[in-house]
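Lettered A, B and C in written order, each chain numbered from 1.
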Amino acid sequence: MSNFYEDIETKPAEKTFLDSSELILNMGPQHPSTHGVLRVILKLDGEKVLGTECVMGYLHRGVEKIAENRTYVQFNPYVDRMDYVAAVSNGLGYCLAVEKLLNTEAPPRAQYIRVIMTELNRIASHQVWLGTHALDIGALTPLFYTFRDREEILKIFEKYCGARLTTHAFRIGGTQYETYEGFEKDCLEFCDFFLPKCDEYEELLTTNRIWVERTKGVGVITGEECKALGVTGPVLRASGVRWDLRKAQPYSSYQDFDFEVPIGLNGDTFDRYIVRMQEMRQSVRIIRQAVEGLPEGPIMAKIPKVLKPPVGEVYVSIEAPKGELGYFIVSDGSTQPYRVRVRPPSFVNLQALDLMVRGRLVADVVAVIGTLDIVLGEIDR
Amino acid sequence: MPDETKPNDPTSPEAAKPAEPKAEEKPAPPAPAEAKPAAPATPKPAAPAAAAKPPAPTAPAKPAVPTPQPWETELTARLKKKYGSGIRETSTYLGQNYLVVDRSLAHEILEILRDDEDFDYCVDVTAVHYPKKEEPFEIVWILYSFPNNMRVRVKTALPEGAEIPSVFDLWPTVDWLEREVFDMFGIKFTGHPGLKRILLPDEWKGHPLRKDYSILQQDKEWVQINLGIESGQ
Amino acid sequence: MGFLEFFYAKNITPGEAGNYTWATIYILVMFALASIAVMLMTWLERKIMAHMQIRLGPMRVGPHGLLQPIADAVKLLLKEDIVPTKADRIVYWLAPCAVMVIAFATYPIIPWGRAHAVTDVNIGVLFMLGVSSLGVLGIIMAGWASNSHYPLMGSLRSSAQMVSYEIAMGLAVVSAILMTSLQTGTGTLSMIGIVESQMAQKTWFVFNGWGLGFIAFVVFAIAMIAETNRAPFDLPEAESELVAGFHTEYSGFRWSLFFLAEYAAMIGVSAIAVTLWLGGWLRPFPNLLSGNTWDIAFGLFPALTFVVLGGVCIALAIKMPGIVQLRIQKFGMLAFGLLLFFIGVLFAVPGVRERVQDIYWFSLKIAIFMYLYIWYRATFPRYRFDQLMKVGWKVLLPTALGVLMGTALWGVLR
């Protein structure tokens, strides 16, 4: 990995493109694989990829700088906009981090509501991933099915907090909104509705010979390489490392729920696909348990109106749908955070792209970017 | 949460239960929400001052502010034995352990943490700018150990313009993380295979996350040349 | 023969009879119908794919989007004609024309019925295969003329794909030709001759040979999808891949010519498949369910189809909400439904019934193939290029060879 930079700067392709020597191909900031504005520069030898370089920052909005100029409460809506596909998870991470700074915890009812919303959002995020990933590989239909079914989740979000995508669902100390009338019924209905849909997606893809050939053995990464590269989330789990922050360091009452952590054995695209499909099913399990066990009680902890956390710093991370999402917040005792650092999973996961596509064909690059499940909002912040 | 030890719980004359240092799973908010059996059935965000005001004393009992506690384990003992004063501080705050080390020893200590103490995953590398301190930059490495399920922060202070060795040879994951620190703070990492800006354009002048870079500031020249507009604001 | 007498004689094609007037009329009619068929294909593709993706597809331009092809054609005609600066202008202009001409050049000998072809040549199948192979030339011309290495790479890949799959196609075709020689001892390459030999053997070749005919048919069916660059073999023209296909630099009407040519080629190769294995214009079960009553029963199929289609249109028209904005559409759909209904009634009239038979059955079989093409596109992901070549050379080619030898053996042993 370390030689790539020297190669690309000192040895440009001198021969013409007709000699099958190195060709620099630009997968521009806008391309039909709907992952956002990411520029990938590929160094090719004919069809084979010799190396990649990612250029990002097209969506950089300076979120960390903004955080230093807003109060803790004012910053809460900003975090949704980072990983906009899984906005609820971002909110959860931030609220947990600030609550840790304040040395409080949300009441149990709020924790359960948070779990329900987060797991629903995990399913929605994986549905977006599945639709776009299948579309990149050429299967045009699953996109419509997954987005159609995701509508049910977005309806629940809209009824709960008024927004479908950037939900701002949680507040520091708990949740602001009590569950609406029929929330439990909607969630359980969704669980019943969704499991056959999962089977439907698998029917279209898992046993499809072309899908298997396009994904098996493509973009292989081992568990050790994942750990060294800091890759987390389904990518790490598909490489055989059974590590999920919800189990290893439970937060927000995840320890109360019984669910499994699926892993894959080969670390290729097919395994990542299977892991995410299984994660969706496990999320349904968690939602059922949470809804059925939803305790009564307050939904907001007693925290001061003006939040002035004591001087100190914390790092809190959660298992977002894409990996380990961490918030490192430094407080100087004032109402505004001194430093907020967001550790985005997609940013670190994307570093693995180079390793995963070396030696593979150009057509696999698109598949691998899809399987890493990146969201540029999170990478660029 | 596994690592946590709660500091002194806040008490107030109204709270029925005493502070329990080992309250593992029970939430212990500063305000005695659970202690009031007649707590309102409709959960409302608490107006803390009004609800928690104890009637008797004139000065309201403030919840004890958590402070960093010293952190002594075998790991820190080993490190302190080897490096002595190079390890400036080992503490734990709200259950999160951290070390503050000399910057000359940072790379070595990180290597020891990776090799001997099994911190095989570098979660994050970041920096904080304290312009008032004499060594204004603080680099923070957050490490995690899969075998021990433990997280630790390693911090070091950096004077203005100083460079710090990169840990790319230890964990390849810091490739882009260090580039971002360079991009945002201007801190150079020696030994990094290709230290250039990552989120901002390559020709951008200025390092935005420094405290002397105002939130409305921009590299006007770059904006005018490349975007063709007067200003991005 | 006299002008109109020829038309009523109807057991020989104009080309064979040497009647150039009727041949010209047939050519014009065929070209017009082919164009309409291709336009209908664009509408069908969008509608069927949409319904498979649980959405509706075009609904606004005309009732249920029926006028969408016209809207597309008008839009493409009105688009700016962009020619890359360094492009080879003559070749750039020639490429879509070449592809279009070659695609339509196979149409004269497609036998829609015994007398319903422009002509019949005694090397029919060879002609069809040969001419459809020329399509590769048009693609390479398009990639070359664009003067950009992405289209060139795309066109080279596309041509490599087409050439590889032609071999499997050819071998499958040969095994079908072998079957024509079973009854009479001499085989025939002429398209009409092949169907007549199926008629004489009283079986469609797809059921012949204890499954060998079926395997040959399947090999051909897969190869023809790759031949026409359709999903799942459409990597050279896929949008989400890096190297966009040979038609990247084409816009507006030139691009539409490529796509019309693609649909026309689809119909052409489907016609080969139908002729060789599915009995051409023969109705189903000619020997099993023979006799006058069965003839009449099957003879009513065209009428039935159109009546049902008309009924469906009328039902959809009635279901449309009666708001002001949709009134024209409702009326249009109703009129269209009534038109189809009356055509159906017309087809039930005994005189017309016999004449429509052959064309109807041939068209129905082609329509099934078109539906399958669209179904594959909606369902399957794309093959990567090396996997595509692997399938063509390592799977289809040995299978086709095996089937060929099997058919030969079976024919000898009979």
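What we mean here is this: a contact is a pair of C-beta atoms (placed from the backbone, for glycine too) under 8 Å apart; a residue touches a chain by one contact, two chains touch by 3 or more.
What you see is a predicted model, and the numbers here were worked out from it, not measured in a lab.
Engineer: Using CA atom means as chain centres, which chain is nearest the centre of all the protein shown?
Structural biologist: A
Engineer: So which one's got more C-beta contacts, A-B or A-C?
Structural biologist: A-B
Engineer: In whole angstrom, how far does the Cα centroid of subunit B sit from the Cα centroid of subunit C?
Structural biologist: Subunit B and subunit C have C-alpha centres separated by 67 Å.
Engineer: Averaging only over C-alpha atoms, locate the centres of subunit A and subunit B and give their separation in whole Å.
Structural biologist: Centre separation, subunit A to subunit B: 22 Å.
Engineer: Using Cα averages as centroids, what's the distance between subunit A and subunit C in whole Å?
Structural biologist: Here subunit A and subunit C have centroids separated by 45 Å.
Engineer: Could you list, by residue number, the parts of subunit B that touch subunit A in their complex?
Structural biologist: The contact residues of subunit B facing subunit A are 1-3, 6-7, 25, 27-33, 39, 43-49, 51-52, 65-66, 68, 93-94, 96, 120-124, 126, 128-129, 140, 142, 146, 149, 151, 153, 168, 171-177, 184, 193-194, 197-201, 208-209, 213, 215.
Engineer: Of all residues in subunit C, which touch subunit A in the complex?
Structural biologist: Those in contact with subunit A are residues 49, 52-55, 149, 231-232, 234-235, 238-243, 377-387.
Engineer: Show which residues of subunit A lie in contact with subunit B when the two form their complex.
Structural biologist: Per the stated touch rule, the residues are 1-2, 5, 56-57, 60, 62, 64-66, 68-69, 100-109, 171, 173-174, 176, 178, 227-231, 241, 243, 248-251, 255, 297-305, 310, 312-315, 317, 324, 326, 328, 330, 338-339, 341, 343, 347-348, 350-351, 380-381.
Engineer: Tell me, which parts of subunit A touch subunit C in their complex?
Structural biologist: 17, 25, 27, 31-33, 42, 47, 134-141, 143-145, 148, 204-205, 208, 210-211, 213-214, 361-366
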